[in-house]
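Below, chain A partners chain B and then partners chain C, in two separate complexes.
Let's turn to the complex of A and B:
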């Protein structure tokens, strides 16, 4: 199973992902129709991309009155079946992260679907803040990252002691 | 372990689903008073407006292992012997009992009750009756007694179908339970644009059948015509069958933070309950679909033997009315604490802030992340530095500092 990975430290705030996402899903370049959002914090000059977490037990799925939202056990994606959606918006209130939302018309519900297994956003992310990885690989990367961080702390401690 | 669930709507089925996954060996029985397979009541107005594309989509996902018994209306519970008796002369034993009987529409005017032209909308059969009346009547206009959430949603569905409606409102405004006077006016304007008529300060005295339509006599003596009358004056929890039991009720069943009633091994969830409100810190009814889902999951988890606490609830509503999204939460119908308002064209925003925390809001028109507003209110995150964003409807999750993210409760 592959998941979208965000490395916030690498994001430059170019927002190319938002345009790519919108174009992939609607054929138009409208950030309001993007499933991914880059949050800008100008005072700290940091940029934080946020995208649907595809929750294990998704709040949006639980409240959907017509079962239009279901978790695909194979891909891990919480999928939205448009045909069944009545537009009641319970899902967008239920998601505490704002990951499932309304499109630019304020009427249709949109959410990240990993572009069916070939995410458009990662293709335009030149700093590699976004990647699409196997869950198993991520675990290894995380272990290595944490170990590296702890190594730095250990080094500092040794220096402090010397 | 034998689990018995009384009531097979959203809460009952979600509880069954949770029990199935947490206790695969458990024996789960669900009793439904209705004869039809459990369906989503929330979607009924969408069935009327045809936004629900197929009737089949109304039905809830069926439980995989639980035994669902239709047409079994519970009449009494023997909490000593742990037995439930139904009107169909059947008895069911349990180790753990969950009550999810929901609520029924309330018709305050006794003389209107029983008339074939006076309808309420709670069940699928009600909606079928309404559709039938609309098809047969020579007058299309629907008379809506009360302008609460249900009737406003019905009016919205009628507007979709180009059928005119007349609200007869005893008070002087629409949605007086969830929005303030200004909010009411914004919505009423949209309602009028969409073919709705508002008669305020009046009630219906009598309904008389005439041919294929109804003559409706108002208290002032005025007579109006319509295909039928839809009464939407709120709901009352279905607790009649608990009369002879020691289970403590106020308007609804009182539950503690574990969703347990005053009687051991008897739990309750959904519209039938009253639980502590986060903002007022008092017992209140939170008869809402998402609350029913959350409460039932927690109740079921605790029935299996865990001790999950149910966080205090906040009221909130999101509805589509006449082309606008109306989103409210917490204290919304009045002004209290620090009040911020913003009006622009067709949109009306209001937030109420207490000690830097969100305690209420109204958004008529655009709001970017409703879920973040609800999370900010439920978790009482500090918004004092985000007031500008908050009133614009632009709060987003990443604006909150990292430590707050770890305690997300929705």
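Let's turn to the complex of A and C:
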């Protein structure tokens, strides 16, 4: 299963992902219609993208009175069935991350659907702050990163001992 | 009917009468001049007398986007500030990246025309098309980034802002306008034009879509452009890795880095202030303007020493040069601190660094009484440079006040205007025309005063395959680049895209966004038209051929050391040919035939 990964350290705050997302879903450019949101903290010039995490236990799904939201076991995506949605906004209240929201009209619930398996946002993210990866590979990368740091320490230890 | 790209509306705010109105964009102008610099200049020609005092109520300040702002076009976050320039009285336009431009489009407007003068400090709050003029008494006097925060606190945390710092409030003729608290429209003194209106800032937020005429074709063009850029050696690789500062070693390596107020053009200690050193010791992360795949912006911090903890955006190549090589300073910590201070106070780094270098020369040569300087003002002293920056930013004492008016006025005050490294009173940036010949022609003929972003010859003469020392072909090269840049500046995207994109790709994005039939040829013609109306503005303002020149040093004092040793700039070898190619007479006046061809004859 593949997931959208965010690497805050690499984000440049360009918001191209927001524009690509909104265009993919509406054919227009409007950051308010983007499922991904880049938060900027101007005081320290730090940028933090956030997007739906497709939770295993999805509160949005749990509170939805019409079962408009359901987790697809195959893709892992929590899918929104527009026709069933009554716009009660309970999912918005329930999501711990603020990842499900209303579009710019304030009327329609929208959420990340991984663009059906080919996310538009990652295509415009040149610094690779966003990636779409197999879950196992992600943990591998993290393990490798830690191991690399430990390797440097190990090398230093040897130097100290010699 | 506007089909896309533009919102089709401009906002007029009169600060004298407090009248606010929205009006339809002039479609004919949009077709002939696009947005940004082109449309703004056309409007200025229509609505103000080019002879007015730039700091008077009669001057206007326009904040303009182009048709590509607020779309996914690469690097499309530019906001152009157009006014009659406080530094020299020429037509001025100065643009910055960030996110203000797209936000203005989402709020429903292509541009804001600020008129008149408020009787007390105000800021403008544009929220989803609704406009308020609010008192800014408590914000007046605050730094640009503080003002950004305060205004967002009083409006909306996600508003995008334009603010000026104390330098603009106090009408420094080299003051800048800041976007998002850290992105500068640095040149021509636009900050003073805003300050003279008692306008502290503008906050914008909106919820409207931006649309394009042919979405499918537009996105095809956009992805093509983004792809080209990401593969380009400079835009895609070098600039992402090292920022614009990658140029320090490159330009010094060809002997074109003006040093010690351009007494030389080679700085032996360049590597200490290079992009490589910056990356190694100071870089926290890259920052990109709206939709930018290049992300040349830097976020840097000083990690140790007396300036420890100083954090902010930049410095750009030009700022590193002006506070570094131009002042003979190799202390990168001091250079970074100077840059951050300038952003906070809202003052142009290129002009200020160069003004301090000019002061250093006057001081060392004894042209300026020692007692006029509050301290020893010697080339090479990072401490002196930084102290001078502080005084200029705060406009403390006669010395600080005089520095804040730029090198030309400073040097003139001491009877040596020839030591100001400027053209039309505006300091030139980090490329020595004696070593890169086309840049001299560019500085001399630039309509807003010396500058490197009105036809960046260096891209071809140093980074490309033209001969940097040759004169042949340079007039044509500079004309072409000037025209290209004028159209690009009016489309809403960043000049850096031209490292990879040609008029073809640019025209493709502009035409699919607007629905106007614009091919590469028409795109260049739009640029030429804009260049000509800028010239007409300047002629009406009183500029003549005599103003298209360079400091005597550049024309007669050979470079002393380095790879370009012995060279001077022979401007005369290019200037007449340039006028001829432009279809202008010997006095730099556009001929009737030329204006007819460009369909702007009524304006003369």
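The rule is simple: the second predicted complex is superposed on the first by the 148 of 162 C-alpha atoms of A that agree within 3 Å, B and C clash if a C-alpha of one lies under 4 Å from a C-alpha of the other, contacts with A are read in each partner's own complex, and residues count from 1 in each chain.
Throughout what follows, a contact is a pair of C-beta atoms (placed from the backbone, for glycine too) under 8 Å apart; a residue touches a chain by one contact, two chains touch by 3 or more.
In this text the structure is predicted, and so the values were computed from the model without any measurement.
Enquirer: Should chain B and chain C be called a clash or a fit once both complexes are overlaid on chain A?
Expert: Once chain A is superposed (C-alpha atoms), there is room for both chain B and chain C without a clash.
Enquirer: Between chain B and chain C, whom does A:126 touch in the aligned arrangement: first, second, both, or neither?
Expert: A:126 contacts chain C only, not chain B.
Enquirer: Considering only touches as defined above, state whether A:19 meets chain B (first), chain C (second), both or neither.
Expert: After superposing on A, A:19 lies in contact with chain C but is clear of chain B.
Enquirer: How wide is the angle at chain A between chain B and chain C, using CA centres, rounded to the nearest 10°?
Expert: So the angle at the centre of chain A is 120 degrees.
Enquirer: Name the contact category of A:101: first (chain B only), second (chain C only), both, or neither.
Expert: first
Enquirer: Applying the document's definition of touch, where does A:44 land relative to chain B and chain C: first, second, both, or neither?
Expert: In the superposed model, A:44 contacts chain C only, not chain B.
Enquirer: With the two structures laid over each other on chain A, which partner does A:30 touch: chain B (first), chain C (second), both, or neither?
Expert: In the superposition, A:30 contacts chain C only.
Enquirer: Rounded to a whole Å, what is the shortest Cα gap between chain B and chain C in the overlaid structures?
Expert: 5
Enquirer: Which residues, counting only chain B, touch chain A once they are in their complex?
Expert: Touch residues, chain B against chain A: 10, 14, 40, 42-43, 46, 51-53, 57-58, 60-61, 289-290, 293-294, 297, 316, 318, 320, 325, 327, 366, 368-372, 374-375, 396-399, 408, 410.
Enquirer: Once bound in the complex, which stretches of chain A touch chain B?
Expert: 37, 39, 48, 50, 59, 62-63, 65-68, 83-84, 86-90, 92-98, 100-102, 106
Enquirer: Chain A touches which residues of chain C in the complex?
Expert: My answer: residues 70-72, 99, 106, 145, 148-149, 180-182, 207-212, 215, 219, 223, 226, 230, 236, 240, 284-293, 295, 297, 299, 311-313.
Enquirer: Quick check: in the complex, which residue numbers of chain A touch chain C?
Expert: Going by the criterion above, the answer is residues 9-10, 12-16, 19-20, 23, 26-33, 42-47, 104, 123-124, 126-127.
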